[in-house]
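Here chain A shows up in two complexes: once beside chain B, once beside chain C.
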Partner chain A sequence: MTKVLCITRIVWLDMLRRKDVYVLLILLGALLTALVSLNIFGLGGLVVYVKDVGLLATWGFGWILAVHIACRCLPQEEQRGTIYALLAKPVTRLQLVVGKWLGAWSVTCAATLAFYALLTAMVVFQGGTAALDGAVLIQGVLLHGAVLAILCALGLLFSTRMHQDAAATLTYVLSFAAFIILPRMPGLMARASGWHGTLVSIVYHLLPHFEIFDMRKRMVHDWGAVNGATFLTVLLYGAVYTALLLAIAWLAFRKKRFSRENLA
Partner chain B sequence: MEFAIEIDNLNVRFPARGSTVQALDGLSLRVGLGEAVGFIGPNGAGKTTAIHVLLGFIEPSSGHAKIFGQDSRQSVARERIGYLPEHPDTYRFLTGRELLRMAGKLFLMKEKNLRERIDAVLRLVDIEQAADRRIGTYSKGMLQRICLAQALINNPDLVILDEPTGGLDPLGRMDIRKLIARLRDEGKTVFFSSHELSEVELVCDRVAMLARGRLVAEGPVTDLVAPGESLERFFLRTVAGPQSEQRATPTSREMGNRKQKGHRP
Partner chain C sequence: MTHSARFPNLTGRLAPWLILAALGTCSFVLSCRLSFALVAPGAHAQADITVADQMLGAARVAFGTHFLEAADIYYHAGGTGRLNDSDWPDTWFRTLSRQIVPREYRHIETDSIAEMAPMLWVAMRADPHNIETYLIAAYWFATSAGLNQPELAHEVLREGRRRNPLNYRIRLEQALLFLREGRLADARQALDSALALWPSQEDPDSDQARQGKIYALTYRALLHESDNQVAEAIALWKQLAALQPDQTDIEKRLALLKSGAPPPVQASSVWQRMLRRSDLIRAECNHDHHHDHHHHNP
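Take a look at the complex of A and B:
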């Protein structure tokens, strides 16, 4: 575990010293301040409006960070040649994959928590402590963490065999498609038959169901927390999906031959 | 007898545009404990590929490689190795000291030992004054030295250096040469590939010469090279044939020999 944490620490130091996270945090702060102070379309006074746009921005920025960091971890090691010195030490490729994933996920989660803290401060400032249901907020943050775990694992998986830009593009396309199209697929499945139906069904069950982790509407409209069993089942789904993606990433990475030229 | 390195009938084939490239062709080599062995050969001979197999980066097509008797593919085999890659680079956002700490942690070194060892290797590669600066601000020579320091953090019994003097100025090359000599004197096994044949001649007990993936010569320099001949001339004669030998310019050592015999250079 020490070796995994050591690799995780490298990701943390890289991100802290590159300052990408700070830029997004400042952007979110500026956006929320503008929402509260400018009273756009006369909606500035509505807490619901601040929560809605703030959560959308938090999800968007978290998504960008997760894909950006996860897709860069391994190709960057290969590109700058540090992978050789790293793997020449008694470190297995599984430890490297897990360490990089943990680094990408923990950095993204920490940044997302900072986004949530900023949003909560704004909401409380606007509407008082009653404007936010603590239980829903905690559930929402935890499920958001599970989404980020899947995204990081997906990005890392693609980056084991692709250039970081290609991996990021593919992760964005696949994850957005899953997030937007999958909730509409049951209707399509009901109409499709034969091999079309089978194909649609496979796609439906294979892609990650990000929509089940989305608590934004509950948080915005104060619909209350979901029951514990449902919440834990969804968390478990996220954990299993992440573990599967990491296992595939390790299989793809374990025999890989490295070349700086291919990635330069 | 225990060997630091044992390579037996190693074959590595890479797929390349519909065909295969034989990077290593039945390579067999043994390096004893405490030996300093120069691994030489022309570009593309397979030196780096052989080193990558030794470090478990590449799976051989057939044959096997062992480090201190353990299969090189297992991560435990790398516990007693220090490795400096060709064109070394590292995490430029870390300070020199942070890099060495990270490297030591990967060997599960205890905190107190690690602190002492970091100071020792920083002194060894003479980079103490820049230890708390970001590596991004280092010169090429300093970068090479901090990478060498991270290769030595675990006080390895076997040091593998891939072109350690590549791109360095004469002063930097001399420092590396001194360091290799010091490691050898401390009883470490040193296995290094280089194109600087004069350096190999100076610091190695033995050379192994590779051409087109095959071992074409192996032994102590004094046994391989004829009296008055340089390792460079032997290299050209062995690898490229007599015609290239005629084209080659005389080396400084041969110039000295010619002057002694009254020849005009």
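Take a look at the complex of A and C:
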């Protein structure tokens, strides 16, 4: 565990050295300030649209950050040649994969928490008492964390066998499709038959279902918390899916041979 | 030291991307420009077509429609259930999703109606030629107990009129607002203007255009009655009888006016009742009856 945490720490240090999180935080702050400063029809104290756009931006920035960090971890070590020094130490490849994933996930979660804190502060500033409901906010943040875990694992999986850019592009495309197209696939399943229907059904059940983690509507329109059983089921699904992706990432990475030609 | 010496590869590296970006922008603007004529054929007849209209065209129409729908979703507190997915197979994920994302329709409290305003505001700016947006905004601003801002409703309609000076529906809506406030002289002027502009860009045989004309004629006829201008009122009631041959009430009122007898219900009471009924119809939510996507507009 100590070795895994050491690798996690390296990811954190690298992330702090870069300015990605700060840039996104400033961008979110600028966006929210612009929203709050809008004088719409001279009506003051409007908060729903600030919550709505702010949460959309939080999800968007979290997504970019997760894919960006997770897809960079392993290819970067390979390009710099530091992978040889790392593997020469008493660290297994499983520990390396888990450490990198934990680092990427924890950094992304910390940044996302900062985004939520900024958004909550802005909503309180704009609406006073009509802020985000505590229980729903906690559930929403935890489920958002589960989505980020899957995204980081997916990015890491692709980066075990691809360059950083290719892995990031594939993760973006796949996760975007999973978010937008997958919830509409049952419509296709209803029309498809035979082997075509089976294929659609397999794709539908195989890809990650991000829509079940999305509590933004509940948070924006004050629908209250989800019941405990549903919440835990979704969290469990997220955990199992992440573990599965990490296992595949380890299988893809454990026999990988590194070539000096890839050095930057 | 020359610029290229200081930045040796910058021009070379950026040039293809700049060309690509320029070509992409050109193709986007051209596609919007070409499709604008198909999506909004009457829009170019409007008085002020801005550069943004010319460049973005159909994209603006799509954005406007999107934000108008978003206002409707806000009114239903995020309820987005659509019955067009009712015949889809019920999977484990769909069951979970239904529990996480609210699908039921719930109207927001009257004091929260203002929360719809940002979406309507963006919709107006995205597509200033979508008349529905002005009518919906003005209706809610004027009639919602939580807002009760008739002056804001007037402002929205003035803005709508400025962007669409030839549209009769905005003038009709202004007339209804004046009638609610008892500003009869302004209402008369607005109704005359609405009747002169009718049918604007609408098909005169469409239900919407017909209904619009019937409303305008009825209110104007009632105003003539209240001004003791019987001959003018009779002329308008005759037009209404021709538009609605199955309406016996119109024939009865026409007969009474011709005979010189006072009508059983005063004209002002009739338009007050019509306004209340119109408000009820507009506030009624079609989701409750049809579970279909619908805007709160007549």
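Observations on the structure shown:
As a convention for this text, the second predicted complex is superposed on the first by the 251 of 264 C-alpha atoms of A that agree within 3 Å, B and C clash if a C-alpha of one lies under 4 Å from a C-alpha of the other, contacts with A are read in each partner's own complex, and residues count from 1 in each chain.
To be clear about the criterion, a residue touches a chain if its C-beta (ideal position, glycine included) is under 8 Å from a C-beta of that chain, and two chains touch if they have at least 3 such contacts.
In this text the structure is predicted, and so the values were computed from the model without any measurement.
Judged by the number of chain A residues each one touches, C leads among chain B and chain C. With both structures placed on the common chain, the touch criterion links A:I10 to chain B but leaves chain C unconnected.
By the document's definition of touching, neither partner reaches A:K19: not chain B, not chain C. Legend: residue contacts after superposition of the two complexes on their common chain; A:T230 is shown touching chain C, with no touch to chain B. Judged by the touch definition given at the top, the superposed model places A:H221 against chain C, while chain B stays out of reach.
Shared contact residues on chain A (touching chain B in one structure, chain C in the other): none found.
Note for the complex: chain B touches chain A at residues 14, 55-59, 75-76, 78-79, 81, 83-85, 87-91, 93-94, 98, 102-103, 105-108, 147, 150-151, 154, 160.
Touching chain A in their complex are the following residues of chain C: 74, 77-78, 80, 85, 87-89, 91, 93-94, 96-97, 99-102, 108, 112, 114-115, 117-119, 121, 141, 147, 152, 155-156. Within the complex formed with chain B, the chain A residues making contact are 2-3, 6, 9-10, 13-14, 17-18, 80-82, 84-92, 255, 257-258, 260. Those residues of chain A that touch chain C in the complex are listed here as 38, 40-43, 45-49, 143, 183, 186-187, 189-190, 204-205, 209, 211-215, 217-218, 220-223, 226-227, 230, 233-234.
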